[in-house]
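Look at the two complexes coming up: chain A is in both, with chain B in one and chain C in the other.
After this line comes the complex of A and B, so read on.
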């Protein structure tokens, strides 16, 4: 069972990496990462458990929406290119209509 | 005919013998030609980790040592997550979430990187 702090930090790490994967240059990354940090900081002093739960849900939705179909992976990490003989095509290339971005979610 | 044969023999006889100066020295492979499959030294890991931590905005102007904890630098858990993501990019690895939760100081970061053989 994860504590609240652990859960939020893990979601934050995942969100930061998603922003990095989508950012073509560092300035864009800094801009969006700053926005993410500001939105997390806005809920710092919240004490209502239902509001807190809703904020965590929003962060999870953000993560699921912005999960990159072809993220940066270290070549010798899990699913890295070092272990692949015939690299699998990206999820987006296989089934573009099934990606969240194509479903027009706001 | 006999004269030509004699010439060949005399040519062979006066051929100079090889001396030690003609012995070819073995080519010493420089370190740039050899790909390093070993692990990074602890000193290099320490220097690079301190460099990454020092470049963080909230750490500017403060002294970072190998034994500094993130709390001493005034960083909260989100700042630690930021620094660990930067360390991952610096060394070309991915730190699992279970390990990232335990890292709260430069020393723990350095010890984790020493245990990671794939760090570049």
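After this line comes the complex of A and C, so read on.
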């Protein structure tokens, strides 16, 4: 179960990533990310639970609307273009005696 | 000379592949590159002999198989079409080999890579030099399987495995088409030799085959199967999904296979079989429409792609569409002309993209590039030349080849030609748009990559730069130099290489088109340059505007990014139902299920289940056992008496009833 702050932080990070995926210009990314941050900062001191719920809902809607169909994946990241490229083989595949020594079990 | 030209790549491949670990990386790779260079030089000499000295060479090497009336011989046919193809293949291949020496330097399996590259070149040469359909099919399958191996070169990558399988399975549809085409050719012509088939073809234009009660023209039927092969191999609309995914392979592979040579095998097949296909108007119209739609489709997708290699891959798809619809309009020499120029500038574009990717530590997403113009000036210049050649900038190679296709398409004066021409003009604009978008996103604006990436950006090394420069020079000059050679009025080069309709005056007709129409490609180029420049340099004040202003723009963007939902539709309509049919229905219930239900396994399982159910429980008392024994004895006596009275006719029935009588009370029902 996530705390409220964890939930908001995750939504914020996702929103930032969506904006990054759409931004083909770095200045535009900064402007849009700044807009998003300002809108979140504006509700920082809100105490009314209904208003907070409303704001979280807005952020969720933003994320679902702006989700990019072809998101950016870092080349070293999972499913990136370099992911799993020339991964080292398992030890026993190279040296058949190794798997007997590894952690004392086969 | 001719045989050496053919087998040198095979020798290079064998030495690198089998003896690579004995000779060491450096030596074996140098041998492979040397073999490829020699092949390229000998191809140029062969080109001189055949194209300039006009001496076609055709010889037989021996009998392959002789079964009844089927007589297949090893034969090599070096005519104008073949010599152009081998020049393109070997020149690009030698450039790619040289480039790969440095590009794949860090890879632990580079000898295997060079072995595959050389073997692919050998199969491709086998394909283009074949003098009969069976030999051509052998080369065709060979390049298909080498494509699989090269896409799957980094076989530890799951994505590469998937892409390679996708490529080979989609190509299998095309292979199936070509295979059926060859069978039908043998059925109709009783021969698989090109010379025999093309000689007889004009005399059997009315010949029909009875297909499910319908009389179908034989040439149309053969042609329709060959078109399936062409669509599969040349990534035309319907079976195109493998080409963008094939970018999983290393960049030199993309440059060699998926831009310059392998995908042109489909176009080559159309050209080679043109003396047959040209007698069927239906097939020509199908080729025109498929080619035109592919051009439009690939262009629209290329505009919104973010992966640098995928943009160029869709560009390839689009240009192949141009070649195919030019063939459909009986404009074969324009098609081979565009094939040749396209091979050079597309290889240049791919290799330049590879240089960028190499410099950026394998980053391929254009959203994380930018500002490289001062850091990689030579690569930028090569990329610019390639882009200008592709987009038809005046007096570069693409300008001549693309213009001639568009003009002659319009000059056909029937609706398929006009349809293809209009799409061609629109696609020319789209091509310029996405090419300059690529250029701007990669080399201009502010850098968007990480600091450590930009700190490591470097210009390509010597072995990578030499091919780039050579290909750049070719991209500039080859169109101008060879224009009259390929498409000049009354050019004597082609002879009987492909079908020449005696009343085909397309080139002449295109000369008298309206002046405005002749300027259209130029306008398409200018607008194609201006639009992305305005789009990417002048809208910084508007926030999120360049993505989607409203739902319609958003949905259109999604539609194009999702590739017209072709992958989704093919998965939902074909892959999932067939998987369900083959696994859940056939495999589970028939293949495996028959054994499990009525076979040995089934009997064993049934007996075990039955006797487990019949097992007497421990809590049954001694008196129960005694009662069972007594009941059994009584039953045996009764059954015996009853059987004796009925003459042992119903004995089996009595035994079964008796067993059930004993067992039923002990069956535990959960």
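Criterion: the second predicted complex is superposed on the first by the 82 of 106 C-alpha atoms of A that agree within 3 Å, B and C clash if a C-alpha of one lies under 4 Å from a C-alpha of the other, contacts with A are read in each partner's own complex, and residues count from 1 in each chain.
Note that in this section a contact is a pair of C-beta atoms (placed from the backbone, for glycine too) under 8 Å apart; a residue touches a chain by one contact, two chains touch by 3 or more.
Note that this is a predicted model, so its numbers are computed, not measured.
*Asks:* First (chain B), second (chain C), both or neither: which does A:12 touch?
*Replies:* In the superposed model, A:12 contacts chain B only, not chain C.
*Asks:* Which partner chains sit in contact with A:58 here, chain B, chain C, both or neither? Use first/second/both/neither.
*Replies:* neither
*Asks:* Have a look at where A:24 lands relative to chain B and chain C in the superposition and call it first, second, both or neither.
*Replies:* The second partner, chain C, only.
*Asks:* Once the complexes are superposed, what residues of chain A are shared between the chain B interface and the chain C interface?
*Replies:* 20, 73, 75
*Asks:* Please output the residues of chain B touching chain A within their complex, sorted ascending.
*Replies:* 77-78, 80-82, 84-85, 89, 92-94, 97, 100-101, 118
*Asks:* Over in the complex, which chain A residues touch chain C? Could you list them?
*Replies:* 19-29, 31-32, 35, 69-70, 72-73, 75, 79, 81-87
*Asks:* Taking the complex as given, what residues does chain A use to touch chain B?
*Replies:* Touch residues, chain A against chain B: 5-6, 8-10, 12-13, 16-17, 20, 33, 37, 40, 73-78.
*Asks:* Which bits of chain C are touching chain A when the two form their complex?
*Replies:* Those residues of chain C that touch chain A are 107-109, 154, 156-159, 305-306, 361-368, 370, 441, 445-448, 536, 540, 543-544, 546-547, 557-558, 561-562.
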